[in-house]
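Shared chain: chain A. Partners: chain B in the first complex, chain C in the second.
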Partner chain A sequence: MTSTLNRRGFLQTTAAAALGAGLMPALARAQGEPLGIALVVPSPFGDVGWSHALAMGLDQVVAEYGDRVKITKLENIPEGPDADRIMNKVVADGNKMLIAGSFGYQNGAMQVARRNPDLSVLHASGFMVAPNFTPFAARNYQGTYLMGMAAAAVSKTGKLGSVSAFAIPELVSSINAFTLGAQAINPDIQVAVVWVNTWFDPAKEQEAARALLAQGCDVIYSNGQDTPSVVSICEETGAYVFNLNSSMLKYAPTKYLGCVATDWAPFFLQSVKAHLEGDFEGHTAYLGLAEGVIQPMDWNADIPSEVMTRITETQAQLTDGSMHVFTGPIARQDGGEAAAEGVILGDEDIVSMDWHVAGVTTPLPS
Partner chain B sequence: MNLAGYRLARRDKASRKLAVVAPVVALLLSIALNFALYMAMGKNPVAVFQAMLIEPVISWPAFSEVLLKMTPLLLIAQGLAAGFRAKVINIGAEGQFILGAIFASAVPVWFPQISGLWVWPLMIVLGGIGGMLWAVVPAIWRVRLNASEILVTLMMSLIAAQLLNFLLVGPWKDPMGFNFPQSVIFPLDATLPLILPGTRVNVALAIALIWSVACWVYLQRSFQGYQLMVGGLAPQAAGYAGYSQSRAVWMSLLIGGLAAGLAGASEVAGPVGQLQRSIASGYGYSAIIVAYLGGLHPVGIVFSSLLIAILYIGGDNAMVSAGLPVAAVRVFQGSLLVCYLAAITLVRYRVIREPKGIRA
Partner chain C sequence: MIGLSFVLSGMLAAAMPFLLAALGELVAERAGVLNLGIEGMMALGAVTGFVIIFHGFGHATGFLGAGLAGAALSLLFAWLALSLRANQVAAGLAIGIFGQGLSALFGKSYESMTVAGLPKLQLPLLADLPVVGGMFTQDIVVWLGIAATLAIWAVLRMTKLGLIIRAVGENPTAARALGYPVIAVRYCAVMFGGLMAGLAGAYAATVYTPLWADGMIAGRGWIALALVVFGTWMVGRLFFGAILFGAVSLAQLAAQANGVNLNSQLLASLPYIVTIVVLGLISSNKKLLKRNGVASLGVPFDP
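So, the complex of A and B:
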């Protein structure tokens, strides 16, 4: 895609973007029109999960801006031609900010952004950047490291499991961090993964969870599920469980280990402000504990208090940057060395991570 | 059928006037039902219907999307209708569609740098072959082993979906795609030429229309088409006349598979532009509805595929512009189909009240 962007086209786009960014908000303000913001997600908003967390973030925007913003929320939009059409329609209807809530929308969202320089696009989990196109992702790995510490402390079998959606870097890095965190408490811990290859298939996810439980895993990491499918099975069978994005405590009142919640409000508020002031600038937004986007919560009372103290300390260090999750020595699953003693992996290594650390027993699909 | 003393009796002659009025009544009835629903939801019903039913027809960008959406439905439904007429019920078009997409994708996946004007026609042809090959299996099972083609075609669809998964998480995964289950993006020559400037409508629409004419000629004007229809309407008569039933099974399944394969190829080489899991979005199943709505007649199917496409695009519009939740969109689409089926039933049948004490 990027290769088709020649220099002349790029200059035109940038010039238009600069012009658009400078003029359009002023015009919109002059007419007193609210800023149209559209959110497109692949799964139902529901009460919990990824899409729900994105929608909650926008609620904060409404709370802050009131009538000056107009929100359109679109759920269940399959990636592909339908999403492309809907994103075009959203822009044709006059929305000036688009939040494309899934990696699979990348090509379509980028096309819309190029055709509409006065549009600001926030795209989840991608890698493409343009003057009016910001890819955003949460540093979930910071939270899963802490969860790994808790998991190792409560596990009796020394076997942890994860039901995971797709073997993309975002999920791979969070499993690796989970494993590293667990090894900080118990160096011999093992982590098994089942890749379900879906963002939303509760029946399949539950099957995967049962398979992991049958193998003796007694803590399950529900990685990328938009429903409490895995969480409720674990409560039934008495295994600890945690998940990302939004709390599912009510579905596992006794066995809920905790939640790596994402609060998108700070990022959305900042982006809306930038757009309204005409200085929205596409960049890679990789947000974690420090930005308040990653928020570990709902820790289970079964976690031993001395481990809980260590977790709290570690969280503070990760937040102020005095500690990094991927600090060497890190051994790969295949026996190679991912990072030598004292080496800290950079963001570019984390966002393209396609290998597992030693301790993850399942090979990565290739 | 007997419900609380009422039964349906087939009319000797369906009234032509009723047949025209029935769809209109169905539309008005479903609008009335949903009008109440939208009022209860606090939405403006006029704005909803404007976005859902009017805009897809009067706005050119929206109508071009209707044509794009209609293309695979039209292709597949025409192919399926040939079989349905012969009472060979192929409900596995979804799987044949996927195989068509896979076969077509083989070209750009194996030769990502390929160029030449012959590339997309080759992909379309390969897609048709892929769809047909997938339909060969149920044909053999039906002819040789007398296994129900309804079950076998459906199960073959599940296998096709897993085959697609396997290719996308394994050998055909884009090496630069961050492990996402999708193929490389196809080069320009491996995508279908656009035929209406400024839209996404591509040459597949022309193929679908030509295919519709071919189906009309085959079914309405050829001896083989006649044999298929007789085989479906009166299997014993067809047997006495010496029409081969296994040939009817073969032709039905191959035509259905070919059509679905063409549609699969034109979807990956058309608006999608790469092989990915979301290509299997249910066209193969929707086309069954399209085929029956169109009365299994090639001309009727052109209109029914247009109608269903309008409902899809209008539903999307209503979500975006009128803030209607996706569930309410589905309710409208479903209620329209139910009202239509009820209306069409009353065109063909009369309601008769049974005298008390007599059992039918």
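So, the complex of A and C:
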């Protein structure tokens, strides 16, 4: 069972539903009703992008559990008091699992989790943990490292660019890994970054892509855009492009370098199973190639076959853990040393990364 | 140098969504009506234009439809504000939010879809100049937008129609005493504003960024409102203000792409800061306010 609501529709039903809210939880337990799972995201689900990937993950849960789960999907919920109110509301309606799909929902979701010990919360990209509160994030950097290898192989100018949303560790580390991967193929490669400081402004994102293309960048990494704004302009101007989360191949049929897709299904299925069996335990879920959450796909045929072979080998090594992306020596942009020869950066270094590797030409905004 | 020519060649197109919407709003405000619903009218125009063009009816039809959609929504606003004499601020905000909601509703099944943009037209000779040449390679809407700026300037300044519009905005009682239909003039001015906002939205969603996504107007309607104040209700100043706003927004992106470290948030907020300064300056001086402002702006007229 799946019902999709937008914010307006949701607000309309609020009044009616509020009446029954007090009764709902008791009824749910008594009649063995399906497990209510609510997904809250900040942007429209659309056909592509971050929110779409989360929704697709839940579709797999429905495919597996059928009528034993009841999904409520809420899109376009701005971070802040609105989100807090809506998360409280879906829990009051009897949902026992909450997927809070944005970093900014963290405090509100944590409050709801504390007030409702029988609720299990999965929260995207956060750092807070509680017995019933699991922050989850994808090791996108593993995928962008592979994309960097491909990008360096197809670039003629030796200049790569990234249109990036906000300078937060998750995006910074993925740009660094992209640069390191590119350097594995061409040590002299340069990466320029434009921070647009918005999760959603297609016009500004295209302007940023044009600025990078004017600089001579011929491969663009669309980092944090939920619409094909950057991807479509690259196809139009003849630059290679790739993005994360879900494939935008149809918007750039000839110039799509590939996609670092995120498949949340394995993680969601595991969490639902744990909740139903009563052994859900809050932990930091940092998921990558090994868990099947990061899935590189749609590789462009223009990537030379010998490089493609290396990419496949590297992917296998990253998956089985015999290789790590952030293995020293790694030089910082400012000339300092981030990791000495042979040193592997730990997860805590990656999730708090606030520096660029050498080879990134744009200083990180302070 | 690359950054400079990038900014010069892109600033006219970047300015077009604010410029078109602000020109329409300027006419409405000159007639004495403050329409705060520009953002919603742009959004509705954007989705209307996008859907028409998506289904293969071409850009001309798309822009026509977008203009009509914007005008239709502004007619609703005009009815509230002029016929029912509702508070213009409240009515404008309500209609603006309504327009954004409508655009989300109509655009639901077109989310993240794309259309083809418009080709660029070159001005001969000028387009071959180094550095500045890019300024003379623009799509047809940019050229028409510049023509519209000139036309609106000429009408407001040199024709009897312009004089009537200004009279209605300055002193509606006197205008009525002279026999001019104040409310009718205001209706037309508001609907012209809605039409221009619709066109501005269509430009944003089908030419500048040829894709539809809910919320893609992203505050440009508010920039247009700020621009009218920035330009102190003068067409010429508004035009240069719009280009300045466009240039600043591109310059901060180009600076980053060039590896220049500057505070992009500060640069991005510069247009708003300048608007506040301008507003502060003209409000602090009664003479300046009288010379630049519109005397009956936002005041309902009860004949």
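What we mean here is this: the second predicted complex is superposed on the first by the 336 of 366 C-alpha atoms of A that agree within 3 Å, B and C clash if a C-alpha of one lies under 4 Å from a C-alpha of the other, contacts with A are read in each partner's own complex, and residues count from 1 in each chain.
Keep this in mind: contacts are C-beta pairs under 8 Å (C-beta built on N, C-alpha and C of every residue); 3 or more make two chains touch, one makes a residue touch a chain.
Worth saying up front: this structure is predicted, and the values here are computed from it rather than measured.
Aligning the shared chain A places chain B and chain C in steric conflict. With both structures placed on the common chain, the touch criterion links A:Gly46 to chain C but leaves chain B unconnected. Once chain A of one complex is fitted onto chain A of the other, the partner contacts of A:Pro365 extend to both chain B and chain C.
By the document's definition of touching, both partners, chain B and chain C, reach A:Asn76.
In the superposition on chain A, contact is made by A:Arg85 with chain B only, not with chain C.
Of the two partner chains placed by the overlay, only chain B lies in contact with A:Phe166; chain C stays clear of it. Residue contacts after overlaying the shared chain place A:Asn197 against chain B and chain C alike. By the touch criterion defined above, A:Gly104 reaches chain B but does not reach chain C.
After overlaying the two complexes on the shared chain, residue contacts for A:Glu64 are found with neither chain B nor chain C. When the two complexes are overlaid on their common chain A, residue A:Asp354 makes contact with chain B while staying clear of chain C.
Taking chain A as the common frame, chain B overlaps chain C at a single listed stretch, which among 150-158, 204-212 or 258-266 is 150-158.
Comparing which residues of chain A touch chain B with which touch chain C, the overlap comprises 44, 76, 195, 197, 365.
Partner chain A is touched in their complex by these residues of chain C: 2-3, 5-6, 10, 14, 17, 101, 104, 111-114, 117, 204, 208-211, 213-216, 218, 220, 249-250, 253-254, 256-259, 261, 263-265, 268. Those residues of chain A lying in contact with chain B across their complex are 1, 38, 44, 72, 74-76, 78-82, 84-86, 88-90, 92-93, 103-104, 107, 127, 166-169, 172, 195, 197, 352, 354, 364-366. Contact residues on chain A toward chain C in their complex (touch as defined above): 6, 8, 44-49, 76, 161, 192-198, 200-204, 206-208, 210-212, 214-217, 226-229, 232, 236, 251, 361-363, 365. On chain B, the positions that touch chain A within their shared complex are 61-62, 65, 68, 165, 169-170, 178-182, 185, 200, 267, 271-273, 276-279, 281, 313, 316-317, 319-321, 323, 325-326.
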